[in-house]
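Note that the chains are named A, B, C, D, E and F in the order they appear, and that numbering of residues resets to 1 at the start of each chain.
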Amino acid sequence: MLFDLPLDRLREYRPERDEPADFDEFWTATLEEARALRTPPSFEPYDAGLATVEVFDVTFSGFGGHPIKAWLLLPRHIEGRLPCVVEYIGYNGGRGLPHEWLTWSAAGYAHLVMDTRGQGSGWLSGDTPDPDSDGSPQTPGFMTRGILDPRRYYYRRVFTDAVRAVETAREHPRVDPDRVVVAGISQGGGITLAAAALDRKVAAALCDVPFLCHYRRATEITDEMPYGEISQYCKIHRDHVDRVFDTLRYFDGVNFAARATAPALFSVALMDAICPPSTVFAAYNHYAGEKSIEVWRYNGHEGGAGFQRAVQIRFLAKLFGGEVSAG
Amino acid sequence: MLFDLPLDRLREYRPERDEPADFDEFWTATLEEARALRTPPSFEPYDAGLATVEVFDVTFSGFGGHPIKAWLLLPRHIEGRLPCVVEYIGYNGGRGLPHEWLTWSAAGYAHLVMDTRGQGSGWLSGDTPDPDSDGSPQTPGFMTRGILDPRRYYYRRVFTDAVRAVETAREHPRVDPDRVVVAGISQGGGITLAAAALDRKVAAALCDVPFLCHYRRATEITDEMPYGEISQYCKIHRDHVDRVFDTLRYFDGVNFAARATAPALFSVALMDAICPPSTVFAAYNHYAGEKSIEVWRYNGHEGGAGFQRAVQIRFLAKLFGGEVSAG
Amino acid sequence: MLFDLPLDRLREYRPERDEPADFDEFWTATLEEARALRTPPSFEPYDAGLATVEVFDVTFSGFGGHPIKAWLLLPRHIEGRLPCVVEYIGYNGGRGLPHEWLTWSAAGYAHLVMDTRGQGSGWLSGDTPDPDSDGSPQTPGFMTRGILDPRRYYYRRVFTDAVRAVETAREHPRVDPDRVVVAGISQGGGITLAAAALDRKVAAALCDVPFLCHYRRATEITDEMPYGEISQYCKIHRDHVDRVFDTLRYFDGVNFAARATAPALFSVALMDAICPPSTVFAAYNHYAGEKSIEVWRYNGHEGGAGFQRAVQIRFLAKLFGGEVSAG
Amino acid sequence: MLFDLPLDRLREYRPERDEPADFDEFWTATLEEARALRTPPSFEPYDAGLATVEVFDVTFSGFGGHPIKAWLLLPRHIEGRLPCVVEYIGYNGGRGLPHEWLTWSAAGYAHLVMDTRGQGSGWLSGDTPDPDSDGSPQTPGFMTRGILDPRRYYYRRVFTDAVRAVETAREHPRVDPDRVVVAGISQGGGITLAAAALDRKVAAALCDVPFLCHYRRATEITDEMPYGEISQYCKIHRDHVDRVFDTLRYFDGVNFAARATAPALFSVALMDAICPPSTVFAAYNHYAGEKSIEVWRYNGHEGGAGFQRAVQIRFLAKLFGGEVSAG
Amino acid sequence: MLFDLPLDRLREYRPERDEPADFDEFWTATLEEARALRTPPSFEPYDAGLATVEVFDVTFSGFGGHPIKAWLLLPRHIEGRLPCVVEYIGYNGGRGLPHEWLTWSAAGYAHLVMDTRGQGSGWLSGDTPDPDSDGSPQTPGFMTRGILDPRRYYYRRVFTDAVRAVETAREHPRVDPDRVVVAGISQGGGITLAAAALDRKVAAALCDVPFLCHYRRATEITDEMPYGEISQYCKIHRDHVDRVFDTLRYFDGVNFAARATAPALFSVALMDAICPPSTVFAAYNHYAGEKSIEVWRYNGHEGGAGFQRAVQIRFLAKLFGGEVSAG
Amino acid sequence: MLFDLPLDRLREYRPERDEPADFDEFWTATLEEARALRTPPSFEPYDAGLATVEVFDVTFSGFGGHPIKAWLLLPRHIEGRLPCVVEYIGYNGGRGLPHEWLTWSAAGYAHLVMDTRGQGSGWLSGDTPDPDSDGSPQTPGFMTRGILDPRRYYYRRVFTDAVRAVETAREHPRVDPDRVVVAGISQGGGITLAAAALDRKVAAALCDVPFLCHYRRATEITDEMPYGEISQYCKIHRDHVDRVFDTLRYFDGVNFAARATAPALFSVALMDAICPPSTVFAAYNHYAGEKSIEVWRYNGHEGGAGFQRAVQIRFLAKLFGGEVSAG
């Protein structure tokens, strides 16, 4: 069933942005700080038993110079510099095992899958700690880790890692640095928006049913996790509700969307109670680059799934001149 | 939590088989009938936008000569006849899209994914009708379609399709007919047991958390679907309980296991309430070929997932002399 | 709680009808086809152990000439031709046993209870197969059986059976052919609308909390089954959403209501999340005959239950001159 | 799924009875007290719009001389004194409307349906107050009304009403006083056991999935309501657990069963979590009269439903020489 | 999530009151009747093992002269006449044990905690019967006890007890009769409104997330218990819906609020589905005295909990000149 | 319902302890390390508006020298050195507000309530960070924070804080250092066992429905949180199951119980699915000091609640010569 606005109103839904004055300074300083602590990435060959894919176990320095894990998958039999998809993962998943990420290398791309620090105990397992948490009381989960201070908030670290992942991909000799695409589903979609806004040289953004957008409305129209973690925190820390939303203004996908300029392909599901369609359209309608959106009418948070993947394969093939799928 | 027998008792759990006297005749006649209606398979090239995988849209004749759909995926850059994994799908899924099945071709195998007739509206979509149903009243789902008569029972048609899928794979010029492996998870695992018993030339069987085993016990220790469909049917058709279980004797994975001789790798999850571990061990302990089993101690029906896939990749690589993963 | 429109807006809710141009041709041809395959009904005496009710096990030819089962109950001690109630059954129920249908014979009517083909494994058991299914992948249940083609859609067969049931009742020597009433609850109510539209000689229609009306809105305001089966199908078969609703236009109670002219007594429950009140009023407000509606303010899908039955007994007694309840 | 003992152990399950020394005195005094307050019953004709059934709105004096409502239904066209079924109702139901009770009159019996005092707001509506409650704190529901004192316990009043209902039936001129049968499902089955023990002249007892048996075990193996009301009370009134079970000894169907001598037909459902099969067999195995039991293997608390009704119709027809169903 | 009106509309939500003409006469007569049956209260010292609190087990005469239990807690080491908080308890709780009510005596107040007749089996245990029930069929719970007649309705007795509790507190030598405050959460808040309206000399009212307000709307926007008990009753007693709401007009907190004049501190929670915010604001906006309201934005029915208690401690300290917290 | 062993077997349930050889060394070193980083506690007066209780906002140095928050409550009007209850809090609660902890000061004791680091977003709010986490991927919650290494495991820090809380209490001039009692419910009960084992000078232990005992069995017989967090972790981190349980051996309440010697009062609830009774009895039966246990037969994890508090007040009064409750 539908529970949010009807589609015609969603297409026009473009709420006022709630943005702190120092939004850009905040992020510029944050990224500079991370780059100052940068160490060179390592790309270790990894035997995943795959005949057609070359796999590297990647470690690069993210926020605070912390080591962040990733997989890099390359189609073994395709020569030359490849366009690369940098992929961010959905909430509480980790990078898992390489053979769980075979789509993009099969489609002819380099594919870097970034582990999300601290996550990876909910579905795919993760390997990257989040060592810089201040350990403040938080709701179980990651949404409220350090939420009383933008500088300590969890996603400050994650979004920084995400930009560094793009930079890391560009450093690999098999990757064409001008054709790095950012992509992700749900939390991965929210991170994609941040990365596309913070690294304006990305070639495209694939943003599916994005999470981390329009937090206030999200908490007011759904109880589903993980937005519900914010509500749960506010329920107990009744004296900190305003501080919570002050912090979240620095991390709102709507504000990132308004700064991103790469061509973007979004998707949204009209029956998605986890990432309600109005929060997705709020970001989409503010998105500053060329854009299109696939609307899945009878889907929940699973969105278009394999159907959307097929649309994306065609979208990138067209963007990059179609030479890829020629194999 | 555990809800079935403890592991040490599971390892010894080998209940009496409940087998009709004409079990083998039934299946011999069934397969002969299908082969008599056989038409040649078609392998249509399919553009899935994949650079490293060659995809064919397969149609072969199954039970009753009905057209059954499948995907055949071949690693595009590997030469010669390939070992082939014939995969059967979990309950209520269909063959979906080719890029949703990339593991085995990436690992260097030909990979034939058989659509399950009538299914494919629960998770991945399906394309194959089940035209021969007699339409008798049934519980929603497939478990009780035609259940009052072994000759009309749904899985008679599916298991026949499964054998025909193996035969179809062998007909493709890129497939090495002596190295066809059958594989599947859950319902796919149950079909795997049937196929391994009914086609004794298969090279191996990969059988994960198999469904369709030891029906009576299953309905007595779990309410979960899809075994629960049988219970639901018996709940309403109170006068047909005995007929139901008389039919199911022809379709019990335990009885198939006792006839299969290919080397087999099973998996089981100790907290699996959908395919309870005792029903899996009942089949495993009766399995007539060389066998081993991975035990996932804290998993439900998801079982070993990617971890199990990694074990299987190594298992087949070893079985076939390891030449595959060399790429 | 209320979840649909408030009552004053419901009373005026009369949405545009969405009707294919060939709606009437479709149904005329369908019925002609069925009548061409007609075979004579059989009325076998059945010993149900009932002292005051004469019971017949009925078989008549429905869609495709298929044998459809029914019960006919006659008050044993009342002489002469009787008015007859032809009753259609709620979703997933079957005709069960004769002593489960005692109301209308006790009230002095002949009572023909039509089995719903394929159904009867959810609450009362059924005895009638649906042999003409094409077996296409469907969501568990009946709502999406053959849904991609109006000619193969399940309810084409059921609605045809329903008209044939009325014709069958008229053939029995104890039934007064001018006083045949159609009646049903939920799915039975939806079938009633179809029967009243397709057989304009029925004497009255009793239509309780009808299902099968205004499908699009239903799937948009409720997740409850069985409308939810359509949503579930569209969720997986993302590429067929438009075809689904194109088919359903031929089977919408709203369109049937606009063609029915017999006096009708409806009922609706304002807290009914299974058959939402706006979908019921959509049909009611389009109903072309004399009509009235009982509104049950604090009820869900159970509606008025025994209270509604009492209203109906009085309604028919008045309609038929009251001679019945005189006993 | 099964959750209680396996069937072979159930058939032998005959736990020690826990009976107060003054059990019989308690009930003898209770009944004498009620009879001392007896007033003559009234049988008011009631127009239910039924052609074949004569209906009376009955008021008789129960416990404390309180007016208890009932329906009496007689087959209108059958002459002479009739055997009579006195029926007790399931938990939280009331006598509803006459046309909701048509089975036994259709089968040729007089049928007296006793309202259960205070109940009748859960499914069918009731019309009889329970004026003698002392109003002590109780868990919502009826199981703990007055539970700290056997003389104030709710079921002392109900069981007394039940005996008085039998006596009332015998007073009607159309009822054969030697052929009064007691019957009921669930709570009605529990009351049936009490009535059969307290009025040794009843001709038979039909006792389906009886409630109110073996309370201690019931509360230890199920959380389902209504046994769960006792657990809930004990959970809060932690200091009264022993008093609760001291009271319940006077009201245990196991103790009544050991005193009942009429021929009895029981039913039990092996998957019944509301009235677990071991509590039913505890009563059945202690039952002192001739007895048989229908075992429904795949049913929950709905038990045999219409199937069981058919068995009962045959059982009584045989018991009473079969002249009834001759019509 | 929010499910009721947005905050700005809540602040203005002041629906028409639905009040019977004899509302005031009804309550005047009711209280006079109770006072006519008044007997002197008893204050029995009770050893709760508490060093700083003097505890009395109180019995006073309530409605019908019935004995009502309460605890009186006095700070042991504070001299002189004390302001007193009379507290009413939430639904289905009882007075429990004295050490479960330590806040107000610790804050320097006398504290009288009134047991709610018949309740006390849901969380804290109760000790007070409700002997005057007429025993009419009711939904489990208390909301529909005697609901067909205002004179027999359960809350007529409870609200009368509540006024008598205030009068009882004033009789104790340690209590300052001019500084008696009424207070309660949920049901306790609803009773507080009644007491503040019926005893105009109370010094203040502390009314948290009050229940028992604006019944019709409550039943239309939430299914949660205990408002849901009314809906459940209406669902079964379909013929009595109007009578139910006619009775409730005498017991609506909105109508009491319009008559209360003591300074009041309310609280409301915007995500409270048990006592929806519009029902609370309906009472608050009609409240006739000086008033303020704490709005808890991310809370459900737990409301402000300890945070609200802190606000109340400061509110009363300020109201009474702050001499209290000086200790 | 009961789901664990019956009471007679629980009373004898004393499983083998699974203890690492260096258990004592581990803890000795851990405590020494913390004490080496010790800084003096601060006791800041806090105005909670309470007339009879003096409140201090306490900060003391715990594990790693981290600042840990606590409340100290003293009965304002009682002279001299007081026995002190050091209380640990249940899972995911924090120290909240002082007026939420009034029992023990009212009973005449000093009362120190220790905040649990990182917790306090589930029910009462917390104020203490857990800064030393290594940030490894963990299941949401605290059970698996650092679980792959005993030295990094979360409860190593918490148990150390707990010992330091006892030492802090002893430093306050109003506390009698020889009469410090440790106490807690659920997680608080588990921490109590650790504190009683690690500080052998505590005067008594009050241990209610303790959590953190017999982890392996707990995860095998219940899915409830928070033990379920361990299962969830093992479900995803399939390769680390053994390491998880190796770590937990250092933190098992069973192993602590075997080292504790202070007189102890336990409680257990037989229907507690969160802390199953066999895990409680495993600790109780190994407890090395004088001990008794209250068994709550019909309770879940809420256990004896206020009833248990009353037992504890008497227990301590007796232990300390009864001079306290004299007031």
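In this section, a contact is a pair of C-beta atoms (placed from the backbone, for glycine too) under 8 Å apart; a residue touches a chain by one contact, two chains touch by 3 or more.
Molecules present, by chain and UniProt name: A, B, C, D, E, F = Cephalosporin-C deacetylase.
Owing to the predicted nature of the structure, the values given are computational and were not obtained by experimental measurement.
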If I drop chain A from the contact graph, what connected components are left?
one piece
Which chains make contact with chain A and with chain D at once?
B, C, E, F
Nearest 5 degrees, what's the C-alpha rotation angle taking chain C to chain F?
180
Chain centre separation (chain A, chain E; CA means) in Å
51
How many angstrom lie between the centres of chain B and chain E, each centre taken as the mean Cα position?
64
Multi-chain contact residues (two or more partners), chain B:
124, 238, 307
Inter-chain touch pairs (all):
A-B, A-C, A-E, A-F, B-C, B-D, B-F, C-D, C-E, D-E, D-F, E-F
For the chain A and chain F complex, residues of the former touching the latter
92, 94, 117-142, 144, 232-233, 236-238
Of chain A, residues touching chain C in the complex
1-2, 271, 296-300, 302, 304, 307
Listed in rising order, the residues of chain C that touch chain D in the complex are 47-53, 75-78, 96-97, 99-100, 102-103, 105-108, 124, 306-307, 309-310, 313-314, 317, 324-327
Can you name the residues of chain D that touch chain F in the complex?
219-223, 231, 234-235, 238-239, 241
